[in-house]
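In what follows, chain A forms one complex with chain B and a second complex with chain C.
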Partner chain A sequence: MIQFLIDTIIRALDLALIAVALSGVYSLIKFPNVALVQYAVVGAFVGMLLQQAGLPLVLALPVSAIFVGLVAVIFNVLLFERLLTEGSAIALIGSLALSMILSAVFLLAFGPAAYRFDLAVAPAMRVLGARITVHQLSTLAITVAALGGFAAILFFTRLGREMRATATNKVLASASGIDTRRVINATVFLSGVLAALGGMTLAMRGSVSIDLGTQMLLPVFAAAILGGLGNALGAIAGALVISAAETFVTNTNFGVLTGTDFLFLPASYAQTASFALLVGFLLLRPSGLFTSEVSRV
Partner chain B sequence: MIEVQDIRAGYGDGPDILGGISMHAHAREIVTILGPNGCGKSTLLKTVAGFVTPRAGTVRIDGQHAEAVPIHEKVRHHGVGYVPQTDNVFRTMSVAENLLMGARDLDRQTREERLDAVMAQYPSLANKRRRKASALSGGERQILSLARALMAGPRILLLDEPSAGLSPAMMHDVFDAIARIRDEQDMCILMVEQNAFEGLSISDRAYVLNLGKVALTAQAQALLNDPAMERLYLGGAPAE
Partner chain C sequence: MSEFLIHVAAVSCLYGILALALNLQMGFSGLVNFGLIALFGCGTYGAAFAHLWGWPPLAGLALGLIFAALMGLFFARLGARMSEDYWGIATLSLAEIMRLVFTNEQALAGGAQGVSGLPVSFAGLAGQGAGLSRLALYAALLAAAFVLCQRITRSGFGMALKMMREEPQLARALGYDLGRMRAIVMVISSLMAAVAGFLYAHYLSFVGPEQLMSHETFLIWSMVIIGGIANNWGVVAGAFLMQFALAYVPFVKDWLDMPSDFVAATRLVIVGGGILAFLIWRPKGLFPERIGGSHG
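Coming up: the complex of A and B.
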């Protein structure tokens, strides 16, 4: 049971940063930016290159995250602001196209191989009988710090109040003297930072390859939708639910159902759990676990 | 205070909604823009506010060109307050939070003083200062929206159909509040209104638009008594 909880939490951490980024941006500009999962891959590759160039990991992480944040703002200004004038559907298709272009660029630059951060191999520790690695603990610390920082900005700063006001009512926010374009770009920057950190924490515990973004796309969207698309903090709850389902599917012995001693489903079935949960929620509770958007945050 | 000269404006690649409109409004007066649906009333107000950039012509505020100045700049630096037609409160925020959103750039002491003054001016809001704006009635929301715009201490108030969706009793309260703002604060108020008779009853002057042009302009009282106005634009006689 403890192992199940730890595996669920670690998997949720994989999803949470990118899902929060996705929901945060959606709350302001009302389209789900598919390219965010590729921003996570950019973050992982850039972080890895910075480390290879001699930068300590503790510096490579924030530098890469800031770089990706700026890249996200540049794409927003040059691409999405213009596409959004034609409607959310056009912007969504544009983000899909950008996602494919970035994937092609990764293939050109890095090839199909998987790369790893240069991290010392450490044996797993035992906590209440369950196994946990140092890299998993690092992921936990980075994710909690990043999400805590994001929540602090949202609730306790002037920018956060402006983000909430803009998410609630953009016209009224403008009429209250808020420069909504600046607020949107600040949120896009933060979403890029979160996505990059998400990509790097994933890569730190495994590897980074051009497929990473595609693999993350469905569970991240499922988590964001489950949390109530646009509700940034609801996305964390969504990530936990998706992770619990995925962990259950891949860690449970289904042998009793078939009369055999062991029947474990392959890891590839994890995405099926995400799909099933997503479809179920869309049928029964289409607005997600939490009914509204960041307007409520 | 507001001078609009020959403006043409529209949305996207669409045709001109405003086909060369000129108008003006001064301090201590309410100027109402009237006309049938689709004549360009709201577009004119949005162009003056800065939501729509005119394709030609000028908008001056206190003599300064302001046609390309976006709304948030006008609110912060040109003394403009804007009240949208619908969806005019932050529904998930409390009454007090809504009001404070209108005074974000003021120092803490001034903000608190303004909040107290507004609460004193509108007791119905004071009694519900901690209540969510979504729980207010339509009339209370309209008053809250007006009060939010006043928090920044504007000299010009732009109102987009302040009576939209209100019952006659609530409409009366809202128009009464608007008239008091003009009289007590020497405000320049430019108002788009569908309820022509009610709007004119508190106005000083009015412009009647038709097909994106000014069809008629006169003192409000004169328009109220003009049979042609009644027949063409006001849709019937005033209610007793």
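Coming up: the complex of A and C.
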């Protein structure tokens, strides 16, 4: 049971940062930016390159996160601002296309091999009978700190108040003197930072290969939609639900149901569980668990 | 005509049918379907099951059409309560679920290895006869699909679809049953996609889950966007353009003496870059939609 909880939390760590980034940006510009999962991969690769170049890890992480934040702003200004004038579906397709181009860049630059950070290998510790590694704990700390920082910005700063105002009513916010374009780009920057940290913490727990982004896409979306797209902190709850479902599907012995001793589903069904949960949710409660928007016709 | 040109032209015809199907959904009705490849997969796996169970190939076609119609109805049902971007994610998820199930269930059509040895259509003909007969068949079906799409989009029903795309609330206020219209469009286009899938299975003589990767859907999207959203001529032209562009990438690789990853990367750049470039600089595509309905 403890192991189940730990596995769920670790998996939720994979999803939470990117899902929060996705949801946070959606609340302002009303389209789900698929390329965010690729920004996470960019973050992981840049962090590894910086570390190889001799930067200590404590510096490589923030430098890479800020770099990816800037990249996100550049893409937003050059690309998505223009596409959004055509509608959110067009912007969504554009972000898919951008993801494909980034995949091509990764493929040419890094090839299909898996990469890892240069970290000391520590044996798994036993906490209350559950296995847990030192890197899992340190990435847990980074994730909690990043999410806490984001929540603090959102709720206790002037920028955060402007972000919430813009998300609720962009026209009114603009009329009351808020520079909405600046607020949106600040949010896009923060989303890039969160996504990059998500990618790097994933890489610290295991390895990163170029198809990480495509693998993460639907679980991250499932978490963000479950939490109510546009509700940044709801995405954390969504990530926990999705990871619990995935862990349950892969770690439970279904032998009882079929009358055999052991029946474990293959690990790749973990993804199927999250997609099925997503589709079921969209059918029954299309706006997610916690909604911050009034539903449309 | 060389063997290679016949091959590319034949595949282009099948993708032309798929592009017409997506255009009917996305171009005319505003249904953002990111799971089109699943409907195509209904056709390929219909053929695969018929082959495994020893049925005649045409029974496989019927099976594929039934699968596709049911899945199309389910997609349409799912779309009843969602805004377009949510529906896009939901359809993408359904297509991925289908691919993962076929990859993991060994008992179901061979799992990841897929099913091979399907009879190739017109295999008995000598020389280039087989290839040319296939090309003729596919071209005839593409023409039939084209005529069907033109008739639908120029009819009163087609006008209603455009109104659903532009002003769904107005269409509903005027008494159109949007759910029924969605269902009709999804079933017609799913059947078209399944026919293309069935022919593709009997062309490659192999059916496997890696044919259902989501980037195949985005390839069809690029054909529609580059050719011209909501223009039936345009999307067929887009299908031929993209297929020929992708087919020549390996030659460029040999010519430039590039590593083998170059082919995959270049294809991604052609599809993704094509979509982006057209969305930014020419969002209506090569052949823009003709406004004005039945005389257009």
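List of remarks:
Operating definition for what follows: the second predicted complex is superposed on the first by the 292 of 297 C-alpha atoms of A that agree within 3 Å, B and C clash if a C-alpha of one lies under 4 Å from a C-alpha of the other, contacts with A are read in each partner's own complex, and residues count from 1 in each chain.
Here is the rule we go by: a residue touches a chain if its C-beta (ideal position, glycine included) is under 8 Å from a C-beta of that chain, and two chains touch if they have at least 3 such contacts.
Worth saying up front: this structure is predicted, and the values here are computed from it rather than measured.
Of the two partner chains placed by the overlay, only chain C lies in contact with A:271; chain B stays clear of it. Residue contacts after overlaying the shared chain place A:207 against neither chain B nor chain C. In the superposed pair of complexes, A:104 makes contact with chain C only, with no contact to chain B.
By the document's definition of touching, neither partner reaches A:133: not chain B, not chain C. Look at A:252: by the touch rule set out above, it reaches neither chain B nor chain C.
Taking chain A as the reference, the larger set of touched residues comes from C, when chain B and chain C are compared.
Look at A:3: by the touch rule set out above, it reaches neither chain B nor chain C.
Touch criterion met: A:178 reaches chain B, while chain C stays clear of it. Overlap of the chain B and chain C interfaces on chain A comprises residues 296.
Remark: chain A residues 85, 158, 161, 165, 168-169, 171-180, 292, 295-296 touch chain B in the complex. Those residues of chain B whose C-beta lies close enough to touch chain A in the complex are 12, 49, 51, 70-73, 75-76, 81-84, 87-93, 101-102, 104-105, 148-149, 152. Against chain A, the residues of chain C that register as touching in their complex are 30, 32, 34, 78, 81-86, 88-90, 92-94, 96-97, 100-101, 103-104, 169, 214-215, 218, 221-222, 225, 261-262, 264-266, 268-269, 271-273, 275-276, 279-280, 283.
Chain A makes touch with chain C in their complex at residues 31-32, 79, 82-83, 86, 88-90, 92-94, 96-101, 103-105, 107-108, 111-112, 214, 218, 221-222, 225, 229, 266, 268-269, 271-272, 275-276, 278-279, 282-283, 286, 296-297.
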